[in-house]
Amino acid sequence: MEHGTTGRLEEARVLGQDPVGEDYRRLVLHVPGIAAAALPGQFVHLRVPGLDDRVLRRPFSIYRVKGDELLLLYKTVGTGTRAMNALKAGDALSVMGPLGRGFPLDRPDSVPLLVGGGYGAAPLSFLAERLAGPGVVFLGGRRAADVLCLDDFKRLGWEAKIATEDGSLGEKGLVTGVLDRWLDARPAGAPAGEIYACGPDGLLKALAGRAKDRGLTAWLSMDRHMGCGAGVCLACVIRVKRPDGNGGEIWARVCKEGPVFESRELVWEGAAS
Amino acid sequence: MEHGTTGRLEEARVLGQDPVGEDYRRLVLHVPGIAAAALPGQFVHLRVPGLDDRVLRRPFSIYRVKGDELLLLYKTVGTGTRAMNALKAGDALSVMGPLGRGFPLDRPDSVPLLVGGGYGAAPLSFLAERLAGPGVVFLGGRRAADVLCLDDFKRLGWEAKIATEDGSLGEKGLVTGVLDRWLDARPAGAPAGEIYACGPDGLLKALAGRAKDRGLTAWLSMDRHMGCGAGVCLACVIRVKRPDGNGGEIWARVCKEGPVFESRELVWEGAAS
Amino acid sequence: MSQPRLETMIGRISMKNPVMVASGTFGYGPEYAEFIDVEQLGALVVKGVSVEPWEGNRTPRMVEVPGGLVNAIGLQNPGFNGFMKTYMPFLRTLTVPVIVNIWGRTLEEYGQIAALFEKADGVAGLELNVSCPNIKEGGIAFGTDPLMLERVVDLVRKQTTRTLIVKLSPNVTRIADFARMAEAGGADALSLMNTYPAMVIDIETRRPVLANVTGGLSGPAIHPIAVKLVYEAAKAVKIPIIGMGGIREAAEAIEFLIAGARAVAVGTANFTDPATALRVADGIQAYLVRKKLASVSELVGTVKVGS
Amino acid sequence: MSQPRLETMIGRISMKNPVMVASGTFGYGPEYAEFIDVEQLGALVVKGVSVEPWEGNRTPRMVEVPGGLVNAIGLQNPGFNGFMKTYMPFLRTLTVPVIVNIWGRTLEEYGQIAALFEKADGVAGLELNVSCPNIKEGGIAFGTDPLMLERVVDLVRKQTTRTLIVKLSPNVTRIADFARMAEAGGADALSLMNTYPAMVIDIETRRPVLANVTGGLSGPAIHPIAVKLVYEAAKAVKIPIIGMGGIREAAEAIEFLIAGARAVAVGTANFTDPATALRVADGIQAYLVRKKLASVSELVGTVKVGS
C-alpha cells in the first residue's frame, strides 16, 4: 500500500491569497507538476521568500488541487507564516512536493470518518474529494473561526458534525465527544467506520485511544517540526513499533514514512515532544 | 567653529520616493526633529526595514530639507539600498541624525567652489541652499546619468560646470580638469576660491593636491564604512594630523569629527583603505 | 500585582535592571547619551582602557556579515590619563554604575591599569578583558590558557577592591575550566562571551576585508553559542555571570537569564538601535509580569533540564 | 576562451567540480535524488555510519535560529550492515565519488568501521567524524584532544587504503595544532568545520528546545568562523582541505577556496534548497570565467595577506 508519489522541486507562481476568517489564509499556487502528482495527506515544503535569516522551509498539507493549481490553507503563527501573508499574485517561490505518504484511498468497505482540528481540516477536504463516496466529517476547534472547510464538505454531500470549545459553533466541547456519541448511536451490524484524522497531537492521541478501545482502524496525520522534508535530516522522527511485530520500537520519519500513520503503528510516549 | 548639532533618534515616516535616472532615487522622509536641526554636510544613519539578517544602519548625506521633510538622494549599490527601493509612502523607519560635522557656513570672504562626484552632489545642493550667495559648482560623473542635482543649482542661480568620463554631458574627462581650467582662467587678484567637495576618494585626494598646490582651502566630505555612526565603535576612523601641529598623526572619526575635514588636516596614506 | 523587581547584583554593584551595554559598543558614555537616556541602563561598560594610549589596528576595521559583524578595532583608546580627563567628568555625573573594561599587553600592564583605577572615583567595577581576538600581544592569549588566566586574575585581584568581572573568551574547548580558574583567581563575576575569531575575504580583490586579516564575530549569529557557554559556566561556578552575544530583543536576554546569567549585556545591537538595552529591560519586565514572577532572581538559572 | 577547469583532487578522489555535500545533510544518497541530479555533485558524502545501528537522540532534534539551525540528531544510522544493504546498491549505480562519514564510540569502534569499509566496493573515501558535538561518548572527545586525535587517525589509517579525510572540530583554541596532528597521523585530507556547540532555550517552558539539551550550530551564522579555521589550517598543513560552514551561494564557497580549501561542502543549505551544491558549482565556474582563471587550482589558497 503506497500512498506517496515521487517529489520534485518546482518553481511555483503565486496566483493569489485570501483571508479565511481572522487567522487563516488560502494561498493559491500555480505549480503544475506537483499539482498533478499530489495525493490527499501529502504535503509541500515551501521556501518562503524574503526570510533571509531563516534556513528552513515550511511544511503545509495540500488543501486542494484544481488542474495546475495547488491550494494551501494556513494559519499565521510565526515568522514564516507571517512572511507568507505578504505573498501576492505573480510572486515566485520554490516548492518541494508532493512529499510523504498520504491517506489510503483504497479501503472501500468501511464508512470514512474524517476528524479534523483547526487547519487539520485542509488535507481532509482534499481526501473527501478523492474518496469514492461521502462519509461523515467531524470538525473541531477552539471557536467557530477555527472550524474550516465546512463548505467544501457540504459541497461534496458530506454529513458534518461540529464541536467548538467555546460553543460558538456546533456542540460545545471537544470533537472527540461528538464522535463518541455518533459511534455509540451506530446500529449494531452497520459497516465499520474507519478514521482519517489530522489535527493537534492531543486530538490524534485521543483518537488512537478510541480506535484501540473500539477496534477501529485510524489513519492519523502527524505534525512534527521538519528540517529537510525529504527523509534526509532525521529531525522529524517519531517512535513506531517494529514492523516485524516482536515488540521493539524504531524511529520513523514523519516526512517520509508519514505524515499519515496507522494508529496502531505509533508509540505515543516516545513521540510526545 | 562648530558645524554639527546634537543628534537624535527619530521614527521617520516615508512620504515617497522617485527614481532619478537609472541608478539613483530620491527618498522623502517626514522627520521633523532631524529636519529642523540638519546642517549641510551632515548625514543620517538609517535602519533599513526588512533587513533581518543585517545589523548595521546605512549612512546617507542630507540632500535637502523642506520644513518637516528630509530628502535623501541614493544610489542602489547593495543589500541595504536595494531594500530601500521597496520603501513606500507610510512606511516607518528609524533615523539617527543629524550626525557629524558638516561644511562651514561662515566663510563669506571667498567664492564657494563646490565640487561633486556622483551622489556627492547631494550634500552640496543642500550647502548651496544655505550659503549666502551663489558660487560655482563643478559636477562630474562617469556618464550623464551620474551628474546629479543640476536643476537644484540652476534654480539657485549657480554657475554649473560639468564633466563626464564618457563625454555624454559637459566636457569629456574628469571634473578636476574643468576646475583646473576655471582656476587658471581666474583674473589675478580676484577673491580666493574655497573648495567644498563630496565624492569618491580619488576625487577628494586630487582636490587636496590642488588645494595644496594653489594655496586654497578645501573642505572635503569623506565617505567611510560606518558601524555606529555616532563616535562609538571606532570603525570609520581616518588618519589626521595632530591638532598640536608637531607632526604626529592620530585617528579621527569620520562620523563625529567628520565627515567634512579641512584638506590640510588629512593624512592620505594612512586613510586609503 | 505589584511590579516585578528588576534589580540584580553583580559583585557589589547593584543594578536597577539586569541589562548593561557591552564594552566597545557604547563608547565611553557620552556618545549615545545624545540619543537615549543612559540613566535607564542597568550599568554602563566603557570601551577597553589601557595604561598608555593605544592606536588600535589599521582600517578597514569592521565588516558586516549576515547575522552580525566582524570587527578588528584593536582596542584603540586614549589610555588611562586620556580616559580620566576626557570621559570621567561626564561619567561621574551619572547615577548608573560605571564599569571600566581594562586590558594590557603584559601581565604587568594588567596589574598597572587595575591599580590606576583603584584611585579613580566613580568606577563601580572593572571588567578584565582577557579575550580580545584582535591584538597581537595580550588579550586572548591570557584568556585561552588556564594558567595564564589564573595568574592575571590573581594579580589584578590584588590591585583592586572594586567588583572584578573577568570577561572570558569563547575560543576554548571547555569553558567550565576557565570559569573555575577565574573564580579561583578571585573574580567577583564572569562575563561572556567576547567575539569569536572569524575572517571575511573579499572575493573580488582576494584580500581579507579587515586590515588585521582576522577579527571577532558578534551579533545574532553567535547567540546560540553564547547561551551554551553561559549555561556551562553557570553550572561550574558560584559567582554571578553576565551573559552577552547577539541580544536584540528581550527574548534573547531572557534565554541568558534562564541559562544562569544574573545580568546581560547588549553589544552589536546598539549599532542597530541605541535604545536596544532599554527596550530589552522593558521586555524582561513585561515577561516577568506575564509569567507572574516577582523578580529577576526567580528566573535566573531556572532552566529545566531532564524530565 | 575555453571553459575553466573545475576538477579538483582530494587525496586520490578526483572530483569533477569542487562542490560536495556535507555529511548528515544529504542522507545516504537516494533521498534528494528525486529532486536534483546527484551525478552533478563533486562528491557525495553520506551521513555518519557506525559498526552497529544507532538510535541517535530523543526528539526534538533540530531548531531553527536566525542565520542557521541547531541540531542534535545524535548520529542515528542503520549501522554498517544496514547501510550496505539499504543504500550501497543505489550508491554503486552512481559515477560520482561516494565518501562515507564514519564514527565510533571507542577507539576500537573507529578501527572496526574503517576495516569493514575496506572491503566495501564503491566507496571512494572515508571521512572520520571526530567532531560530533551531539553524542555522549566518542565524537568530539576525540576531536578536541590532540593526542586522542592522533591516536584515532593513526589507528584508522592502518585499517584503510581509501582516501582518509579527518573532519575537525571547531571547538578548539588553536586549529593548527589539530590540523598538524591529523596530518601526522596519516590523514589524506581535512574537512572543517563541523557544527559549533550551541543551545536554545524555550522561554515559555524554560526548557532547552533540544531533548539533548545542547546541539551544534550550522548555517550562514558560522561561515566567517569557518573561513578563519580553513585559513589557519591551510597555513599549517600540506594536505588538501575541504571547507564547509554556511555556504549558500558561490561567493561563500569561493571565500573558502581563496582561504586555502581545495574543495567545499554544502550542508544546511541543502535543506533550504537541495540544488544549492549545483548552483554553487555553476557560480564558481562563472567566477573563474569572469576572473579569467583557467582552473580552480589557480584560485586555491591565493588569499593576499600583507601589502
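By written order: A, B, C and D. Residues from 1 in each chain.
Operating definition for what follows: a residue touches a chain if its C-beta (ideal position, glycine included) is under 8 Å from a C-beta of that chain, and two chains touch if they have at least 3 such contacts.
Please read these numbers as outputs of a predicted model, since none were measured by experiment.
J.: For chain D, which other chain has the most distant CA centre?
T.: Max centre-to-centre separation from chain D belongs to B.
J.: Can you compute the centre-to-centre distance for chain C and chain D, using the mean CA position of each chain? Integer Å is fine.
T.: Measuring from centre to centre gives 34 Å for this pair.
J.: Whole-Å distance, chain B centre to chain D centre, using C-alpha means?
T.: So the centroids are 48 Å from each other.
J.: List the centre-to-centre spacing of chain A and chain D in whole Å, with centres computed as mean CA coordinates.
T.: Roughly 36 Å, centre to centre.
J.: In chain A, what residues contact two or more other chains?
T.: 52-53
J.: Residue numbers in chain C touching 2 or more other chains?
T.: 66-68, 220
J.: Once you draw an edge for every pair of touching chains, what topology comes out, line, ring, star, complete or other?
T.: complete
J.: Quick one: which bits of chain D touch chain B in the complex? Just the residue numbers, please.
T.: 66-67, 220
J.: Quick one: in the complex, what on chain B touches chain C?
T.: Listed in rising order, the residues of chain B that touch chain C are 6-9, 47, 53-57, 94, 96, 224-225, 227-235, 237-238, 251, 256, 270-271, 273.
J.: Sort out for me which residues of chain D touch chain C in the complex.
T.: Those in contact with chain C are residues 65-68, 70, 144, 171-173, 196-201, 203, 205-208, 213-214, 217, 220-225, 227-228, 231, 251, 254-255, 258-259, 287, 302-305.
J.: Could you list, by residue number, the parts of chain A that touch chain C in their complex?
T.: Touch list, chain A to chain C: 52-53.
J.: Where on chain C does chain B make contact in their complex?
T.: Chain C reaches chain B through residues 24-27, 31-32, 34-36, 47, 55-56, 58-64, 66-69, 71, 73, 76, 211, 219-220, 268-275.
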